[in-house]
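Both complexes shown next keep chain A, but they swap its partner, so chain B is in the first and chain C is in the second.
Let's look at the complex of A and B:
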């Protein structure tokens, strides 16, 4: 019976395959990110971009007064394409993880990081600033706009905490509160839009689709710190989350208070999503579909699902950004994620004949 | 939508306990009274709304309508002639459409939530709205449409497009593991795909077309004419009747697929029939008025806090409350704006969302 594999062997090989999937996706994501350095600008192709980066790593910084073109190329690569690619990777990862955690928390395949109304609130913040010129923190330019989006997007979070202090919350209730908040802020936004100038309208629309333009190094630092904190936090909580997902009664009898874990996780991911949304706008699809796709590859266990959602999210967003830039025309990345992601998702849904939810 | 929720509403009558039967009947009576009350309020608001749309006395409105029906005409360009046009050509179709749309959306929403066993589901979950939107965007930007490209042609074109996502799902479903969550996921993926195509079109069109598409995405009833009524009325009446007949079986679906099967219902078939009925109801409404949100998603939830989760009561009560909400919102739109160009969807969410939040947070027991 030497050919028979024991269940233990099967588990180990399945686990190894899951790690391989994650590493493979990570490699592809990084490959596309490197490729993206040379995309989208007429004066820079891939070789020049790599040369500029190698020069920088060797400490060679071109002087503007000596060689203007070298300086310009350096500026474009170092200040625009590199932070944009890094930002895309990180935002995709954040949205993927937050989506996976949100779906586990509320036990609903329709949930996304925006289920609690974060994107609607952030959009209202942006609209306030663009239409009325109102800013919570009076800084001109992009920073004020980002702060507006961030501050308002914390509102759903606060509401959830307030409700959970007063009452015992259920997943459905949290989801319904999210729907209410979303509609409320969307209504405010619509009423402001209704009196807005056409070009402001276009700006708001672009923001609501989401794009990666204008992400600089300061944004990358903030986003990176957020991602690391999120990953560490969620991996520490992954065991408790799995217990919580097994059902209210089971998790109480196993010594985990489901409502408490749920609220802590949701507040944490809401804060991280707020950061991502504030910098990039409400990029949809990634947070909703990536966790499902990850479930098809690595199953529903949070310890594998969270890293896999992170790398797949990064992969989808950076690939979409490359496609958007290749197509040109200022196409926002949020419009492309679905074009690439939907067929892939439907293909795997059919091919695997399961939805990874075990029902 | 748990089994406990159904039992606590007394859906299954205990065989020998007279007191429980009595209690059930009296609670059923109260619920029926509540539904009747909702419809009476809806009728009063609908009648009152004429005075707002036409900005005239109620008795004068009745006089105009009865004169029109009895065939009396006014001299051309007299004040009465203009008032008659306002009431007969604009206000009346608008109110009638609001009633039809509210009934259709509320019924579709309530049954979709039950069929999918998901409180986040709404009439647009399987992608109907995104298909319709793409239809409109194609019709407006390419200029390709049916019926010589007039307004009705565009409406019908959008209606036809709205059925595409469901058709795709019907083709895909047998190839997958067809559970509610797979259907939802396929629907969501398809609607994102259609939306993306729509967004790509929207990036290329000029500001004026963009505004039309945008207004339509929020949902507006200010352009409704008599042309729109027959198509919408037909599909909504047929679809709603079908769903109402199936409401008892739908209740069984919320117990879970295994229990439903053992009680003699084929869950997959029932779900598909419901989806098709919902698609025709919602497609007909969306084709004419755009994506009116909120009603389909939230009205059933509000109603459940009062009448429990038995679809026998939820479906009619949602329809009644839906009518009240949409007409109130439309009246407010008309009152607060000069040119009557605020989309009713925005006003609906503005007045409905706080009420909804209050109910969800305050409510002691959980009906879902």
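Let's look at the complex of A and C:
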């Protein structure tokens, strides 16, 4: 009968409606990021920040010798506030996507980039540099510190690859290897902290909790390239990942090599997570909770789950940073993400009529 | 479609599971694999579907060695319905069944894929459950949904690992009868592992009876399901009577040694 919609048409319409959630969350995240321009500074409020940005877009750059305060406001907004907001959005997106892919690949709702030991290894790399002055690549300044974190965070990933090549690995085995690595590097870090001077100890603490302080434009460019590569790569693998979630034997029967796909995705996740950790420290909550929140809105299909996890991760992290800066100077964003994220997650689980996790 | 095994063996590091299995089936029929627990029935199915690699022998599908198939060719030719679902995350019945179209799809599902899924759900009698969560179905509904996933794959050979496990008598009969009808209507060779001798006898066209990792007997139900075979393979006493041309087993007790 003309005009009567088939079940297939209804299914396609329902899928399209889910994209509206993604667009909505993206708009909210951008809105919060713009609002954050005027947060947490004694000299910059929202109106000043917006004026500075508009002036810059019109090519107006204050001269320090002519108007010092205008130059200072310009520096604070353009070199600190804006890249910090962008960095927060991008890091949140990376962590959200990595968490979603990790949980799908290892078929474990408790999996996150941090259960593979990546953040613990990265933190130990930072600690090595701060306490002993050791750097794998002798580059001075923060760059050398970041390289330490990046190089050591690849260790858990390479370990998983080696084990997978030697023998057939199950998703549970990969998570257990990651947990073992996490405890190992946490133990090394504790030993280093025991020997550290008080001021160095404070720095290590900041890295272990996570912070967006000090993210500049060079970091934003690297993070943005990482996010784009991650999204493209994972969306190309999205159908294979969905099949993998049905089980090892079923995956092979449907034409997917789960071990191969798992390792490829884990390498990509490890690399991208280590980049995020290298710039922001160990912000661990986002990768664990965001995929579950995303599933409540868009379901478990990776083609929806990945972009939704990206925008929700961005939203959570930038919102947490705003709250951290409102509450007081120097409060690490990682401390706030868990405080905000947990109640929100529990609220949605209780309120949503169907969460699909069974009886 | 043709399935032929020649001298197939499989061993785990610590023990041999399959030893020199050979059989051949051709055409549209329902084949039931019977045998005690641990005899290698699931291992046999996994070897056919290339989930496991045999240590010896060859498996020919339509006269081509199964190791010569690409993964995509294999997944289009042979379908598999596991004993239990390992789906890890919440998804609707439609999405779960749609995964079965993966071998036929490129980078995204098409409307034709969806049309096939909804058609099969209707054939299974579970089209009303399309938007329900897959892991919230009853055992019978769940089994039908998993079967639907195998059917949308449109394979020539469908392998099922105990499709009637955890089902009540009514659903056991219903699912097995459905499989027999589907094998004839869709010209598929359906191979299912089964523990119920009478259901296998009633609906299967051919039987493989296994013992100790080898094929003990193969052939028509009336030739394989005999008192002597059952007592030897299962170590139980029984009587076998004729029920409309098919053997019907009446179990008595374990064999006293």
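Definition applied: the second predicted complex is superposed on the first by the 343 of 359 C-alpha atoms of A that agree within 3 Å, B and C clash if a C-alpha of one lies under 4 Å from a C-alpha of the other, contacts with A are read in each partner's own complex, and residues count from 1 in each chain.
Convention: a contact is a pair of C-beta atoms (placed from the backbone, for glycine too) under 8 Å apart; a residue touches a chain by one contact, two chains touch by 3 or more.
Every value quoted in this text rests on a predicted model; they were computed, and no experiment measured them.
Once chain A of one complex is fitted onto chain A of the other, the partner contacts of A:198 are limited to chain B, with no touch recorded for chain C.
When the two structures are aligned on the shared chain, A:108 is found in touch with chain B and with chain C. Look at A:341: by the touch rule set out above, it reaches chain B but stays clear of chain C. In the superposition on chain A, contact of A:31 is made with neither chain B nor chain C. One of chain B and chain C touches more residues of chain A, and that partner is B. Within the superposed three-chain model, A:188 lies in touch with chain B and out of touch with chain C [touch as defined at top]. Contacts of chain A with chain B, set against its contacts with chain C after fitting on chain A, overlap at residues 108-109, 354-355, 357, 359. Those residues of chain A whose C-beta lies close enough to touch chain B in the complex are 108-111, 115, 163, 167, 170, 172-173, 175-177, 179-181, 183-184, 186-188, 190-191, 194, 198, 201-202, 205, 209, 284-285, 288-289, 292, 329-332, 334-339, 341-343, 345-346, 349-350, 353-355, 357, 359.
Interface of chain C with chain A (complex): residues 46, 49-51, 71-72, 74-76, 78-80, 82, 85-92, 94-96, 99-100, 102-103, 105, 107-108, 111, 114-115, 118, 127, 130, 133, 135-136, 153. Touching chain A in their complex are the following residues of chain B: 118-121, 125, 172, 175-177, 179, 181-182, 184-186, 188-190, 192-193, 195-197, 199-200, 202-204, 207, 210-211, 214, 218, 293-294, 297-298, 301, 341-343, 345-350, 352-354, 356-357, 360-361, 366, 368.
The part of chain A that touches chain C in the complex is made up of residues 6-8, 11-12, 103-104, 107-109, 236, 239, 242-243, 245-250, 252-257, 295, 299-301, 303, 354-359.
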